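Two complexes come next, and they have one chain in common, subunit A, joined by subunit B in the first and subunit C in the second.
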Partner chain A sequence: MNTSTLPIRDTPFILAGKAFASRFLLGTGKFQSKQDLANSVATSGTEIVTVALRRIDLDHHEENIIEYIPQNVTLLTNTSGARNAQEAIRIARLAKEAGHGNWIKIEVINDSKYLLPDNNETIKATEILVKEGFIVLPYVSPDLYVARELVKAGAAAVMPLGSFIGSNQGLKTREMIKVLINEIDLPIIVDAGIGAPSQAAEAMELGAAAVLANTAVATAAQPAAIAQAFALAVQAGRLAHLSGVPQKRSLADASSPLTGFLYEN
Partner chain B sequence: MKITLNGTIKELPQSVLLTDLVSQYCKNPKHIIAEVNGEIIKSSNWTQKTVADGDTIELVGFVGGG
Partner chain C sequence: MISLTQIQKLLTDSRPETLEALAKDAQRLTEQNFGRTISLYAPVYLSNYCSSHCTYCGFHSLNKIKRIKLTGEETRKEMTAIHATGIRNILLLTGESYKFTPVSYLKEAAMIAKDFFQGIAIEVHPMQTSEYQELYTTGVDGVTIYQETYDKVRYTEVHISGYKKDYDFRRETPARAAAAGIRQISMGILLGLSDVTRDVYELFCHLREMEKSFPGVEYSLSFPRLRTIKGREFAICDIDDRTFLKILCLTRVLFPRVGLNLSTREHPKLRDHLLGIGITKVSAGSNTAVGGYTLKTIEDQDPQFDTEDKRSVAEIVAMIKSKGFDPVFTDWRPIENKA
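After this line comes the complex of A and B, so read on.
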């Protein structure tokens, strides 16, 4: 779908001063093959992908994932594996050294059961990394006060989780995310738990600036096809949001005239 | 001499340049980041950096992640 032909002219998605045509971010974990990943990047038209850093495997030469991502796509390195702010900062510095820009998704997790982000450590890491010149996108449990701290710290966006990471449960935190959308003057990018294109559309209808998906794409039977479905759903949700989605009503309201035919004069 | 490379102790017959150590373990060192004793060594300096006995070296690269 060419967004230039939409009946409502959308503003570009601006993140850290950079304009993006796509509001769909793709995570690169869990893909069966790197070719599936490359195809999914292409079919979705995503312009921002997340990657992670790890020790290299000394026993097996691995193909580098960077080779499968087109150069015009912005790399957003996550700090997965970090259990506190210090570790996240260290990972960010290492990533910067590789020369693929300074975009960092802060992800600090020290709970292995629920994999929930540690909001406090995330704020600390954001404060320091912003001062060091990083473009920081913090991944958090949605909370208004935390989001306000992240605004103060200079974050480029706030990335609240929709539900548990990798759970495909969708927008369990819908009301909290709505608060952030209403109150926070930064792009709200819904991350984690988005398991189907319909859920991505729902987040966009609410007014999210963008949506990130990974597991739902990487573990689908046809990753490249569902990646495109996600991108279309994000566009559909965005268009619906701009259109002003009508409110729910508690009573019926006929769509067709109920009088003036057959039974009445 | 002994070094700790990515958490594993490795025995080396003699001191080596960091650049040689990296290319021994990485097919494509272009996207690799090296840290020696907690300090990031820029790839442009790998040819000047000698790995010494007891050094702790981390070689990291990009992998898939969400």
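After this line comes the complex of A and C, so read on.
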């Protein structure tokens, strides 16, 4: 679906000064085969994919994920496997040296049970990497003060988790994400826990700038098909947001019991 | 946490539907947390010198086998052969001997391994935190250390002499390794040594302790079953395949993100079926004798235990793919480990 044909004209998704037509980002882990990944990139029309630098297999030609990602897709290397800011910084520098560009998604996780990001270390890594010229997209637990620090540090976006990574639980952090959308003047990209296209649509309806999914696509029976469903749901949610989603109302809300008296003759 | 009684109840429940339901839960959780991927590794035995006498082990100090340890050049030769099969995760193993395989020897082996492999783990005698730190900064990311059994009485019976006799020092080993910065820790029990219910329960408790004290470590568990050694039975494992699978599935359900390793000591049919139900990492093309890949003929080899799955790495890779999984050679590319 071309956004220019929509009844409401959308602005392109601008991230670090670069315009994207698609607001769906795809993660690359957990796929049954690299071909499934390549097909999912194609059917979803995603223009940004995230790859863990430490997962790139440079040795095995057939296994090298980079070779399955088209040139026109922006590679967002992530620091998965980093346990603190220093390790994230080291991974980011390695990614740059390896020629993967300067877009980096900071993931600092020091808890192997819940895989929750360490917000403090993420802020530290963001501050340093922005100064080094990286385009930094930090992955965080949604928190207003943390997001404000990230704005100060020069992050290009804030990527709050919807729920635990890989949990498919959807927007468990909905209210916190709404606060970020309202208060933070950076793109809010909902990342992690989005398990169904309907959940992606919900995030977009709230006003998220984009949505990232991985597990839900990689472990689906037909990854390429669900990847397309996600992309469509993201567009639907975006259109709904731009249209102004009507508020839910109770059925018996016909008259004005409180203020009607002002208009009585 | 699950109770001892609950584990007991589950392990003695012989209804097929109980096991099937558990396996379905395990499969769903494994796919959710690990996706459709299976990691591969191989062991390289560097030395069979051992100062401990463990009644069930082919390397124990009183066993009349030819004691050898690989020189740097021999290590390189063995690693070249393993590297050629595609394997990039290596497990360096020795007998338990501070004298013959001190930390300096292990460091040297790790330095050589860095030329060939992306992931380096060790399964050697328990060490002090400072020694683990030295190995970590050399490039060792993983430590495998099994308590074997948590039954102290039985532990004393089967670990007759040597360093390994010290139950408490061994039990604290994962904590010392984690404190040194080690990223991946594999823990386990040897099935067949003692009461399985209690051992599984105690292992789970130990893992919970570790998760709370060192949340950043990536944990995995193994449940090796005692094997024959060169056809001889040193100890018999009475854990049948159903109970074995139950233990694996229970682990997955209780610890959805913890890795589960399966070695070539299990037979091919079982290994193939266990992929994705809970298992996340398998060894392939393994040889369990020092110099077994390139230096010694089969007759000349003294394996630590007999392997059941003798398929090559290429055959295992083909099998993994045919089951709808992506074989992963490089789990984690190394980054410079800093103290």
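Keep in mind that, in the parts below, the second predicted complex is superposed on the first by the 242 of 265 C-alpha atoms of A that agree within 3 Å, B and C clash if a C-alpha of one lies under 4 Å from a C-alpha of the other, contacts with A are read in each partner's own complex, and residues count from 1 in each chain.
The rule we apply is simple: contacts are C-beta pairs under 8 Å (C-beta built on N, C-alpha and C of every residue); 3 or more make two chains touch, one makes a residue touch a chain.
Predicted, not measured: the structure shown is a model, and the values here were computed from it.
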Examine A:94 and indicate which partner it touches, taking first as subunit B and second as subunit C; both and neither are also allowed.
both
What is the contact status of A:83 with respect to subunit B (first) and subunit C (second): first, second, both, or neither? second
In the overlaid three-chain picture, which partner chain does A:111 touch, first (subunit B) or second (subunit C), both, or neither? second
Ask   = Which holds for A:55: it touches subunit B only (first), subunit C only (second), both, or neither?
value = both
Inset, instruction - Please work out whether A:182 is in contact with subunit B alone, subunit C alone, both, or neither, and reply first, second, both or neither. - result: neither
If we overlay the two complexes on their shared chain A, which of subunit B and subunit C does A:243 touch? Say first, second, both or neither. neither
On the A-aligned overlay, A:31 touches which partner chain: subunit B = first, subunit C = second, or both, or neither?
both
Task: Go through the superposed model and pick first if A:215 touches only subunit B, second if only subunit C, both, or neither.
output: both
Dual-contact residues of subunit A, meaning touching subunit B and subunit C, are 29-31, 53-56, 58, 63, 94, 166, 215, 218
The subunit C residues in contact with subunit A across the complex are 31-37, 86, 88, 118, 183, 211, 215-219, 257, 321, 324-326, 328-333, 335-336, 338
Residue positions on subunit B within touch of subunit A in the complex are 5-8, 25-28, 30-33, 35, 40, 42, 58-66
Counting only contacts in the complex, subunit A reaches subunit B at residues 27-31, 37, 50-56, 58, 61-67, 77-78, 80, 93-95, 97-98, 100, 165-166, 191-192, 212, 214-215, 218
In their shared complex, subunit C is touched by residues of subunit A numbered 29-34, 53-60, 63, 81, 83, 86-87, 90-91, 94, 109-113, 115, 166-168, 215, 218-219
